[in-house]
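Both complexes below contain chain A, partnered by chain B and then by chain C.
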Partner chain A sequence: MSDLVIDVAGVSKTYRFFRLTDVDLRLEAGQILGFVGPNGAGKTTTIRILMGMLRADRGSVRVLGHAMPKAQAIAKADIGFVSEDLRLHAAATLGWHIRLVAAIYPSWDAAYAATLLSRFNLHPEQPIKALSHGERVKAALLLVLARRPRLLLLDEPTTGLDPVARHEILGELMDVVRDERRAILFSSHNTQDVEQISDQITFIDRGRIIDASDKETFLDRWRRLQFDVPAGMSVPALPGAVSSATSGRVVVVTTKAYGPELEAAVQRAGLAVREVQRMTLEEIFVANVMSTRHEEAR
Partner chain B sequence: MNSSLLISQADRRPMYLQIMEQIRHRIAVGDWAPGYELPSIRALAAAVQVSVITVKRAYLELERDGVIVTRQGKGSFVADRADLSLQLRRGELDAHLIAAAGIGRMLGMTADELAARLRAVSDGGAAGAPSDESENEA
Partner chain C sequence: MTRSVMWQLVLKDLYLVRWMLAGSLAAGAVAVATLPMGSVAAYVGGVSLICVLIIFNIFLVMGSVAQERKDKVLLFVLSLPISTTQYIVAKVIANATAFLTVWLALAVATVVTIDVTAIPNGLLPFWIAVLAYILGYFGVLLAVALATDSTGWQATTITIGNVSLNFLIPYLLSRPSVIAHRDSATAVWTGDILAIVAIELVIGIAALASAVYARSRTGDFV
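Moving on, here comes the complex of A and B:
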């Protein structure tokens, strides 16, 4: 695919107490990527490297076809970035911010900005310091959305928001990808938001990408299987098994490779599956992190 | 809005199956007639706030089942088959019957016993609780 808006390969960056190791990240136009990881996993560092704000020690970073950070000035014209700290001037009004951004970016869409103001119930004369956290996030988002950039990089956009504000923001993000040339990367530890709107999901933990796939594949391949194991029998090694818990005669196996091959293995063992459970993205994420950490510890 | 499908995160079925089921239902009850143009994948995704890839999967599987047809660059349409609505309603019925047959097998019932039970239920003769359940309560 040549239509990659993000193409990151083998990126590493070392700090005194943290290291980003061999990060690969790809995002096609028209898609939403959910970048999921615990606090301190390296999400913000990765996004800052994408923005050209940090230089990787190793690896290649291309955003919208531009090499970063070298071509950051060109690339940034078409990237909308909302950081966790939002970077708004507390004393200035929202209107002041709007005039500033509109003056810098020729792509500013005043009509769309007006629509967003009313959808988000924001008022230009409001000073930023008078806004609630949710309103500030919506204000920051408005300032990038109305530029209609091709790529949105959003660092934890829904963290700390009430359900109504989250719903409004997710709706605006879905609206963006009605245009299949545009794309969004958003980081989050709220797996429910990610599960709802992401096409692609990448898990990061302790500075490493631990898994990446399209969402449907994740949800299809991960399963919890519950066996009632008769005396004298045992559950064989199953494809993709990441964990197994035994409690009396009941064995619960978590697998990341559910499919015909696994079903055949179960049948060969002569075991009856009592229940096959789908997993939420949150359960998949936690199981993934725990099994990766467990393997590294060995 | 004509594309108001109801997707629930509390529903244990995956979202693509919920979308398929709702579209089948709209066709079964006759809201969406043969030849009706479905919302585009991206428009429906935005309307129900569900990822594009999920809606795409639902459309692909409906296409494979012969429920809708997608014409490249034109959009997706309800398949032009006169018996489609009837078939989908039969499909909904079959899904319930398959579930009932499964429970019947678990209870050790033969197909004839199950059929007799179905006749009894259709005639309104199954109003009373099964006898063993009332024993448990005693």
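Moving on, here comes the complex of A and C:
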């Protein structure tokens, strides 16, 4: 039996000024998928298609084994959804929301909810309108986590949060996937958050998935190489090179295919390597997006 | 599970409008109580009763449907285990329950007040036609709020709904059947008045049914 909690194939959705094109996405139980893209890349559209709130024009969407949006009512019983722009009823209290959600989900874990209340320093009698942005996100997360969903779909939940609140929320999410039956899809344009908690990463830009792999592979295969290049000599095309910049006699090449093949190519070209730099996820993300855009522009 | 979720959503909406509902009932009761206190009081009471029902209609529908969407609370509600069709049905049930509670209570109170006081019962068909108009107006406004995100269309519906009453009341009072029986001790239900009441109710129900059907078939809900 497939252990895929998300299985999306060839999904497209067209709006007047935006198109989501041939999106493929897979997530297994026990994994955290970082879904990274610039603003307007299609992260929210994709997540809302996964939730059944939007219908794809083309392609197949299965979440927890259920076809979406047709079986959304059944699928959502095991999905927790929090998005940066999701709001609770302002006039009601957090306690009222807790009672509402607890009445709907038989899996509601009151003891865990109490733990989260204390950990997030929230009070049930607080009206939602009196909460800060960070507290509202924590309240929404509490309502989701305490019902122990198998899949969490989080659409930029850490946007606009202070570092402490982000740390608290990310810590809680890490706890969730200690249970290997659970999975998280976490969208963000903040690569620091994604790098901290994800084990799978998918980059999306302008409605297309531009790269997807596990985090370690990304970090291992992307490198920035500095060469000392004597006058009159040039750097040949290297495997996976996505960009090249020259400053005097120093040439900096960014590659997405660092490994024995590239090292052999460097040796064959007789290049003197000054430095091989590892790249952060943010640098990889930016280089990836820019190289894809350049290729498309050609 | 999903059926019980739907009922939880209905209860949620009723809970959120409980004070509005109670306030409208109280204000409407005062308006109805004013009706038998002389001709000026009857005019003030009648206008107040209409205002209470229309204001409740607008606040109820705009608050529970349009505002919920505008405030992004809809994302929270749709994250619960229901389909979009069930969400729409829950909205209709909750709004209809709230509005009909107030409408029915005030309509019954109006009928009883007219029946037991010196107000001629001949005015009953006129009042029922006016109250049926407000019920139809509620159906249309709820339909528009469910069917479109456009505040422009919602404002247009409210404007037309309110202004149309200024044409309906003189039209009803100028009907020969109303003129002939308005001072009678018994209500006389003529065909034209029954037809007007039926048209008002059919418009409201048809608008609502169309909106539920159209919205249920829409794949994009946010």
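One rule holds in what follows: the second predicted complex is superposed on the first by the 297 of 298 C-alpha atoms of A that agree within 3 Å, B and C clash if a C-alpha of one lies under 4 Å from a C-alpha of the other, contacts with A are read in each partner's own complex, and residues count from 1 in each chain.
Methods note: a residue touches a chain if its C-beta (ideal position, glycine included) is under 8 Å from a C-beta of that chain, and two chains touch if they have at least 3 such contacts.
Source: prediction; values computed, not measured.
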| item | value |
| --- | --- |
| Touched partner set for A:Lys129, first chain B, second chain C, both or neither | neither |
| Partner chain(s) touched by A:Arg249 [first = chain B, second = chain C, both, neither] | neither |
| Larger contact residue set on chain A - chain B or chain C | C |
| First, second, both or neither for A:Gly30, with chain B first and chain C second | first |
| Contacts of A:Leu54 with chain B and chain C, given as first, second, both or neither | second |
| Partner chain in contact with A:Arg274 - chain B first, chain C second, else both or neither | neither |
| Partner chain(s) touched by A:Asp175 [first = chain B, second = chain C, both, neither] | first |
| Chain B versus chain C as contact partner of A:His294, first or second or both or neither | neither |
| Which of chain B and chain C A:Ala92 touches, first, second, both or neither | second |
| Overlap of the chain B and chain C footprints on chain A, listed as residue numbers | none |
| Residue ranges of chain A in contact with chain B within the complex | 30-32, 167, 170-171, 174-175, 177-178, 180, 192, 196-200, 214-216, 219, 278 |
| Residues of chain B touching chain A in the complex | 9, 12, 14, 16, 42-43, 45-46, 49-54, 57 |
| Residues of chain C defined as touching chain A within the complex | 1-2, 4-5, 8, 12, 15-16, 71-73, 75-76, 78-84, 86, 219-222 |
| Residue ranges of chain A touching chain C (in the complex, touch as defined) | 48, 51-55, 69, 72-77, 79-81, 83, 85-92, 96, 100-101, 103-106, 140, 144 |
